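Encoded as structure tokens, the structure appears first; notes follow it.
Labels run A, B, C, D and E following the written order; every chain starts at residue 1.
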């Protein structure tokens, strides 16, 4: 309630859990929040804000205290730079929990042309500067690969701060880029230049950066039969009636292919928790327990479109929830 | 006071012989909603005399004047009964075209109301909308002639493209008269044209009215009795929506037939 | 002693002060009035009451306000000194959380302890709070008595209590009005400060005249050069807000105003005017939803059907059209005012010349009302370019420089929302760019408004 | 003098044609005006019609009657010790799934809403005795079934609906939960109460700040301020504030209230303060106009018998200006109530499933809730969004209507 | 015209003997910004006579009148120099309380301006804010007395709780006079109190002024010379901000000493 006063070092408390971050994780986090309230009568509902993984990390790393969030949801692993930033602000003890797996899905409208893609095609269609050979001139998919229809390239995708965008760069673009041996060589020579060439996306309107809102992309695809959308697998799952999958390397994104990592776009989902908040925020532990109780293959989260992590990962994560083992920054990239 | 009036009359021009009426009103009644403002007025206006309407404030002078060119149409609540003719034609007949009527029966208002345009455009407005001039030269001729007749030409000929609102009050009023003249009306109605003006400007307008007399039928509303005495040949005295007395101006002022007229011109009320 | 009890006590004291001072004034004035001299009595007894009551309440109130900020610190000091506090963890946040919880329990705001450590601190808290609460209350009451007594001695028939009380009222009013300045300064300061930081990373010239907007790539670490050219945003804003929206709003608004003021019967006017005003009362998020869900897809289908290239489901046209509709009432009410301000005599003058109503409107009323209409349109433009939700929901994010209304453009406000919600990157130029955009928006709308108000005012004066 | 011109021959053919043309132009112009009015009104009607058409369904919900044989169910609960915690621990979601499967068939579990078990819980809580009985409980249907029952859905859902309907197990009725529940993840279970309460608290803060300050400022400027540079600055500030785009206030709130003063993110307090800054100038301007319209003769009269300037204002001017001030306030508040953009900036866009308890609790407001729902993927949210819009519109139109009514009623000519 | 005036004088009451002045003005100058509206006026107002200020429009009558109860304070640009006393006290002294001053020097305005409250409340307002009545009964007495003195009691006694604005113009003006009387002023200033009224209402007010004479010092501004002649015993003639002539009313009208006065009352200007 109101009437909380701060002063003298005592008093800044919060009785609600606060989570920020990935829009991919958002539906799962809110579902867990709901179950948490129902399972813990009397507790207030956690606040979940969808800010994108990067945006969430920024808020998360601003410091320890009631005014900073307890949890960062992420659709990719925390970056080294983010870890350092957290550390700088006194957020030293961070617990990393993998809650499941998601696929970076490519989809088009039900009455779309039915594309079949490979990382190379995607890279050549979207790179700002394919293979460092000058600006991308491809206008239609046919320009990239003669097997594809001549529909104009139009891709709705997430913005730079989203984990999904990072996954796109890491899982697809880089792979496509590396199909050229020259690029492999470049990687040896200059990591930076390699990164720029392989992950920078064109900005001439073919790739439409659609903000931190995957739902919006889904809706836009419905209206735009020729466009391709990039977002989390769960969104595809939820909208099977409007959208259809676009295969990568001939593999379609299904629960099976994602969970076995057969699908090239499979990626882990994480939540990051501040250990320092475990003592201070009522219900935080119970919230994590709720997560753990629902991430099984037949748990509530899979019903919402999440793909369960492999058994060993789930076990490890469950152990982390118990032990609250702190993340070791040295493994991060 | 009566004697002072009579003195003024001596300066007045003589009455023109009775002429064919230009406009006639028969048993005209005007209502604003439920309220009757004019109660059965019959009057004839002729070409050769200036007719003055006098009477205390609110007696219906303006209302009656405005029935003569159907300006009352613009007041939503106003309703006119009775018959008014112009050259024998019923002006309230459905076949009567209001636009034409108003071009034929011009009007000058109490407060000078030039358009916020140039002097030239003020005069040219009427001829333009009525298509009275086809070439610029025609229009120039009309503008000059109208301004001359309104007695304003010499004062403004060098600044025809200045704004009409930049003129003095008296000049503005003459501009409005010029504007009315420019469409060659047959009748000119003036509703207290001098009440917003100073004495010198007033004198100019009165002089102008003298000059225009005969060319147009002129009706002027005034509540300055001296003015009525100075400019008109016929005077109608209104009271509470009724036409109390109508006659030759000098008779009305020196020898009123009605008690009410007499009380009014000797200053008992009003 | 709890806060509310202290409050009640003070209120009681104030009431007593009011009543007794009033009674005293009444008695003294009765005597003075009998003396017959008119200026022997100055203020109504009630004013004396207020004077003394204010003296009773204000010093004590100010003290309590200060005390409320100081006391918790003292209480915490006290609690930390207690033996139970030794077991507290060292890290600040857990510690303060535990302390906070203990205090919440002690003050009855929370029932049970979530953290076992806090249970032990409840008692010390209770004691300390009680101690300092009592001290504060005692001091406040002393101050109240002192203030009241001082003021009470001043109650005399000719004492100008009213003047004093009124002076306080005036001071309050003045302070309230200064808040507008404070707010303006706050806006300017926050925008300037953050923009300044932005412009230390990105050249203002590149920002204002650059034609390429891709803050994403800047955020991905490709450098700030040519990532922040805001011209496409400015163009999108102008295209949607000042061109398309106005192309809808000006004719519809102006013609509606004309019809309703000049032609419609009073009944029609009485019903239609509020109906049209309702368009301005619909929240923008509803317009946005409507534009995004209903208008935009329809327009896109239409464009595709007639073979327009590059038609997008978030076309400039959809956002602009809906925004134009939203703006209609602004234009029409400004036009309405301006036309109504043209003196009736102008209209009569024209009608009496034999002009038709439409000739009168087009040739006399509109030219005469033009400055007012133009001012109104400028205000509407300023409103349109600052409008956010419609464009956030219905316009795109692609920073295109295009003339095709079916293509997607983005606007300043859309980008502000994009840059600040979600993507709160490290103190990058990207976040700060939102403030620079805000600054530009602020300045432009300000200028538009100043010009518009000038125009309107000048024109109003012309007829006054 | 130039040659005399003959009086115009109004009866000539040319003149007649000309007049006909002018009248035609007149008719066209008038028709254009009417068209503009009708088009604007038609747009409003279309908008309202669309919203109502989409939204009315949002107020209804579908329920499936399920026969629950408690003794035979895998539920382990002591009827004499029904506490919230015990119910929470009883794994009701699983039980519900089993119960549904048993009653309706193996594939039926997905026909009921994921939160359907709360219906079971509430039933048990209301009457623990049913634990020993077999009862029929109405469980909320899943979104797909709900949509299929109310309009049209996927073929599978339609088939299921047909089956259930045939068995007479399906009922569609008013979903009161929509008015009493808060945000959630399941469209059939969400409600607007949380957002509504957030709006209420935010408006309360806004009103409490902007009304007194606005009126005080209006009084000061109109009645007491002497013409000097400071008054000029105040005046310019207020006029400008009234025109500043609302999103700028959001930037102000973000950088001053959140980043500088460290007030709580997402709270009604900050939202209310931000909106108050926006509403205050509206009230000041309306207040000044209302005060200005009180004729000076009233002030003269009061001053003339020895009222002090403060008395003049508080005894005469303010009471007479009050209707005008209130009208302005209502309009300002209506605007604040519909405002979204500045609140997005200060984080009032989070998922918040419990209604705020006070002004410092995280909260969201109706328009932001609409914005959030409009972005939801699940098709069930479309009708919920429109339904929330209907609720918001009802309030806003009522407020605007009240303002218009007040204005017309108290519009006096002195 | 002069003769007409003299005729009216005959009806007028005789001049009271010279008395101790109630208010004095010495070399009063008033400026609106840079513009000087009053140029050194010295005048005495006594208790037993009604003083009339006459003069052409814009000559400063109202301005000067308003300096007498400091109503000019409310005009931001107005500045007063010179000395004005009430019972020997300088009313512009810093120690003077304006509120009290205005209670002692009441004012009635050109346009009747009752508060939009009940008749009762209109009268009771002054006594209330000045603490002249403590009980409802006291107030009732004051209200009745004031309305009686204002000659309005009989007309309104049955509808004291109707709105003051619902009265006719003349009644409203008497209500305003009653309102001023209710706070027991010593001086009553009236600025053209009848100019918005019809002749019958005017007659009533004039009669009232006769009755109030002697009890209050009364100053009345009018530009109706007949009215000045009818109601006042002393007349001050203002012109272009100067006090041209001040003296016994009958002298001023029949035997003006200054050429300007004579020109004015014979109607040469104004």
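In the analysis below, a contact is a pair of C-beta atoms (placed from the backbone, for glycine too) under 8 Å apart; a residue touches a chain by one contact, two chains touch by 3 or more.
By chain, with names taken from UniProt: B, E = Phosphate transport system ATP-binding protein; C = Phosphate transport system permease protein; D = Phosphate transport system permease protein PstA.
This structure is a prediction, so every number in the text was calculated from the model and none was measured.
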Fewest touching-chain hops separating chain B from chain D: 1
Each chain counted as touching chain A and chain D at once: C
Closest chain to global C-alpha mean, per-chain Cα centroids: C
Dominant chain pairing [most C-beta pairs in contact]: C-D
Cα superposition of chain B on its sequence copy chain E - rotation in ° rounded to nearest 5: 175
Centroid comparison with chain B (C-alpha atoms), farthest chain: A
Intercentroid distance (Cα basis), chain C paired with chain A, Å: 36
Cα-centroid distance, chain A relative to chain E, in whole angstrom: 85
Centre distance in Å when chain B and chain E are each reduced to the mean of their C-alpha atoms: 41
Intercentroid distance (Cα basis), chain E paired with chain C, Å: 49
For chain C, residues that touch 2 or more chains besides their own: 162, 292, 356, 359, 421
Residue numbers of chain D (touch at least two other chains): 22-23, 308, 349
Residues of chain A whose C-beta touches two or more other chains: 1, 3-4, 50, 219
Contact footprint of chain C on chain E as seen in their complex: 97, 99-100, 103-104, 129-131, 134
List of chain C residues in touch with chain A within their complex: 68-69, 72-77, 79, 89, 91-101, 103-104, 109-110, 114-115, 212, 214, 216-217, 219-220, 222, 292, 296-297, 300, 312-314, 396-398, 400, 408, 418, 421-426
Complex contact set, residues of chain C against chain B: 265-266, 343, 345-356, 359, 363-364, 367-368, 462
Sites on chain C touched by chain D in the complex: 162, 166, 169-170, 172-174, 176-181, 183-184, 186-187, 190-191, 193-194, 251-256, 258-260, 262-264, 272, 274-279, 281-290, 292-294, 325, 328, 356-359, 361-362, 379, 382-383, 385-389, 392-393, 413, 416-417, 420-421, 434-435, 438, 441-442, 445-446, 448-450, 453
Complex contact set, residues of chain D against chain E: 226-227, 295, 297-308, 311, 315-316, 320
